[in-house]
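Take this structure, written in structure tokens, and hold onto it; I'll ask about it next.
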Amino acid sequence: MSLLKVTSMTHKFGGLLAVSEYNLTIEPGQIVGLIGPNGAGKTTVFNLITGIYRPTAGRIEFNGQDVIGLAPNRIASLGLARTFQEMRLWRHMTVLEHVKMACYAKISYGLAGAFLQTPKRRRQEQEIEERAFASLKMFGVDQFASQLPVDLPYGAARRVEMARAAVTEPKLLFLDEPTVGMTPEEMMAMIEIIRDMHNKLKTAIFLIEHRLRVVTELCQRVQTLVFGQVIAEGNPEEIQNNPEVIKAYLGEEKVVA
Amino acid sequence: MHHSESTAIHPRGTLDFIRRFFANIPLLGWLAGALAAVILEQAVGTSLAHALGLPRIPVLFGFLIFLKQPALIPGALGYVLVSNILPVCIVAKIGAPLFNLLSRSLFRMPIVVTAVVHLAILYAIFHIWTDVSAYRLIMLKLMLISILLTLSLNVINGYMGEFSCSHPGFMALGAYAASLFTVGLFVNDRLFGEALLVSDFAVIFFPLGLIFAGLVSALGALIIAIPSFKTRGDYLAIISLAFTFIVKSFLENLEFLGGPRGLSGQPDWSSLPMVFIIVVLGVWIINNFVTSTMGKALNAVRDDEIAAEAMTVNTRKTKIIAFMFSAFWAGVAGGLFAHVIRFVNPSTFGIQKLAEVLAMVYFGGLNSVYGSIVGAVSISLLGEALRPLEILKWIIIPLLLILVMIFRPRGLISFKEFNIEKLLKPRG
Amino acid sequence: MNLTFFLQNVVNALQWGSFYALIALGYSMVYSILMLFNFAHGDIFMVGTYIGFALTTAFIALSAAGIVVLPNWLILILTIILAMLFTSCLGMLVERIGYRPLRGGPRASAAITGLMIGIILQTTVLYIMGAQRVLFPSLIQTTTYNVAGVAVTNIKIMIVFVSIALMIALHQFVQHSKWGMAMRAMAFDYAVVPLMGISINTIAAMTFAIGSALAAAAGIMYGMAYPIIDPSMGILFGWKAFVAAILGGRGSIMGACIAGFLIGFIEIFVATIFPSTLRDLIAYSIIFVILVFRPHGLFGEPYSARLRL
């Protein structure tokens, strides 16, 4: 059974067709890429699958379960985590609190625990903290644990965001342009981090990217989205040599390799 | 280059010296000093006041004298120095080694025990201090209640970052519910007839009444919480404001609760120990909540709701809990308030109350227990100190708040976590 | 309810709603430019009314003393113009002191500042005038016309027409003048305004000035229709007009006008059908329900937290 199966998903904003007849299958452990020019609807695809928007038509099955109409936090609890292009870190929370917060679904101490210092609460908070530290360590940012996101270097903030997503123990992780705004060295480091995480956690990854280099390094399969429609799908070499892709994507924009 | 700073007396240097001079005193030492000071005042305060040319003990550290009787200012300052500042500092400083010793042995016990000992001393200070005048008693009770009220509003406006204007409404619900409970059941009253139960067990029944008050107001909070799923910011602010107006005019139209004239005859159950215990309990529980990961979800919703949802946070549940929890304590505060004043009417809970509690929250600081305590205490004290100016105080307090907003837009002490262990730990 | 009775109330509601609409415009304009509500606006309306009161009293005294003898209609026109001028200065002052230093800061701080400025204005008037109500001098002899059983006074006609004229003038200004275009541009995007050679500060000050002038006009007309005024009228009217601005959809000028009239209608009809003590309860409940089901107001752009991705 596929981990994620999206069938003819369509979404309209007002009269505008943002995504049309979109199909996607991701198997456990796979890394799939999604490329396309700006405004092609890549992030909208993410938002539709993760429940932020509700598609106008189509089916989305995650782990065999229909997830259309579920709240984003429910979908996330099922094991579908994500990062954001603009990171969306919480401005007034420390790095450690960020990662602890992502363990929200694992809390079971209830209101009694939240209001009173029950032993169960102490135990669980302790567990969560250890788990959070482990995740921060994995991404090499545990030394920032008590800092606020505004005080972090850009690359570290990106890693914190990944640590936050990874701590939910996702079966599938959506990464929205994880290397945006990075220097080539930072980009290579990020590729290694993603690869490393993939080896350790065995999660499947669905990746939006602007830079072909990242996609060719990491992905087994790539989709190209233009104006809300997939115009090509295949392995990275096929995509790079596909005339449609070159025309629609490479032709009009200079791609940073 | 010649450095002139080294020779001149540096104000910062002096301040630093004072800070270092007192750095080794644990909180226990300060409490002991304050206890000594209030005992001293009780024993010789009146004679000291007479000796300094004051008619009686200055009830509020001379604040009330400054504007009313400027001629007495030197006397009042002398009194405050001799009776308040000096005993506190001397006892705390001289006894510092002893208090550190005590503090260390206390610290080895569970933190609850340590906290209770400190609180017991704090209560003793309050008790003796208020013994001197009835004014002090009522003022202290109202101040404690406003701490609870401010902190409960901070849960929504600070920790969750909504701009809620519904607190006077919640407080009104609590005040009326508690009054209904006590007046209806325990008092021979014109509206409700004879008492159904004897009132000998205020200690048991009053907390029950307060819980009832909190629950009624938490139930009312659902009316705001549910629209908050879809609405944020200005619209929620206006919905919550409409809620306050609705509650107020609803109560005005309920003849059996006295209509616009209000409800009186509440038993005198908001005693100092009662108010103290309830407020301490409230602050403790609120602090527990906002420091738990479940409570931190409020911050996540405030800073980025979409990220919160993507990280498995149940935002709806979070909002419902936040509103109901906050309203519960506002209701409890309302119930206590009604039994201090022993009279409630709907017009108490209007825009004025809203401005007052918002001022306390934003003056003290968002997202901070310390901030709420500082805000509630300083606005209360300022209100009392400026009382002789009559309505002009409503120019000075707002001006002050505007200055705070311009220079510290999030309040004096914002985003500072209340750490009990750090507060109570021995220093040296 | 028969038709005459109904029409009578429609006429009353039109007058009553005019005040709300004019005040709501001030809230709405400031909102569309600065994305914040000027919570002091209700009290600016109150101060405007008192300025009008002071001017009228002064002109009447001058006339009575024979120093400058002016006919009543001229006094009225002068009062309206001068009061609008003075009140717009007050509005600009409020913007300069209370809002400009906070631009870019947390929005809640600006809301608090606005509330506090409102309290200061109210206290100042209270301090100068005392808490007792004052009687707004009547300048126009009330004439009642009977149109098919419906009593219409000349004052009512004037109020409704002046209000609508002001609204149309504002609309024309915003749509066609250079300044109006800059305002609209700023409502759309801060960054473009400097490109047009106009500073954001100028536009913000102007918006406050216009809103305050409209509030002053509303205040004077209110004084003519209901001559007893007191310093708490700012709160009473301000909050309802604020609700009208929200109900109309934030930043929507047309919406603010229509919602202002709507609230006037709701209040007048509730007061005729139910005991008057229920007026606020029912009016606010209706508003509450509308906002819960249409959180972006009646004419505002639909928005949701979700869409701000």
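As written, the chains take the letters A, B and C, and residue 1 is the first residue of each chain.
Just so we're on the same page, a contact is a pair of C-beta atoms (placed from the backbone, for glycine too) under 8 Å apart; a residue touches a chain by one contact, two chains touch by 3 or more.
Model, not experiment: these values are computed from the prediction.
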Chain whose Cα centroid lies at the greatest distance from that of chain B: A
Chain closest to the middle, measuring from C-alpha centroids that were averaged per chain: B
Approximate Å spacing (C-alpha centroids) for the pair chain A, chain C: 49
Length of the line joining the C-alpha centres of chain B and chain C, rounded to whole Å: 37
Cα-centroid distance, chain A relative to chain B, in whole angstrom: 44
Residues of chain A engaged with two or more neighbouring chains: 52
Two or more partner chains touched - positions in chain C: 306, 309
Touching two or more other chains - residue numbers and ranges from chain B: 306
Chain B partner contacts - residues on chain A that touch it in the complex: 50-52, 71-73, 76-77, 81-82, 84, 88-93, 97, 100-105, 107, 109, 111, 113-117, 121, 125, 128, 164-165, 168
Touching residues (chain side chain B, partner chain C) in the complex: 157, 163, 226-227, 230-235, 237-239, 241-243, 245-246, 248-250, 252-253, 260, 305-306, 351, 355, 358-359, 362, 366, 391-392, 394-395, 398-399, 401-402, 405-406, 409-410
Chain B contact footprint on chain C (complex, rising order): 37, 97-98, 101-102, 105-113, 115-117, 119-120, 122-124, 126-127, 235, 239, 242-243, 246, 250, 277-278, 280-281, 284-285, 287-288, 291-292, 295-297, 304-306, 309
Complex contacts: residues of chain B adjacent to chain A: 285, 288-289, 292-297, 299-300, 302-304, 306-316, 321, 367, 415
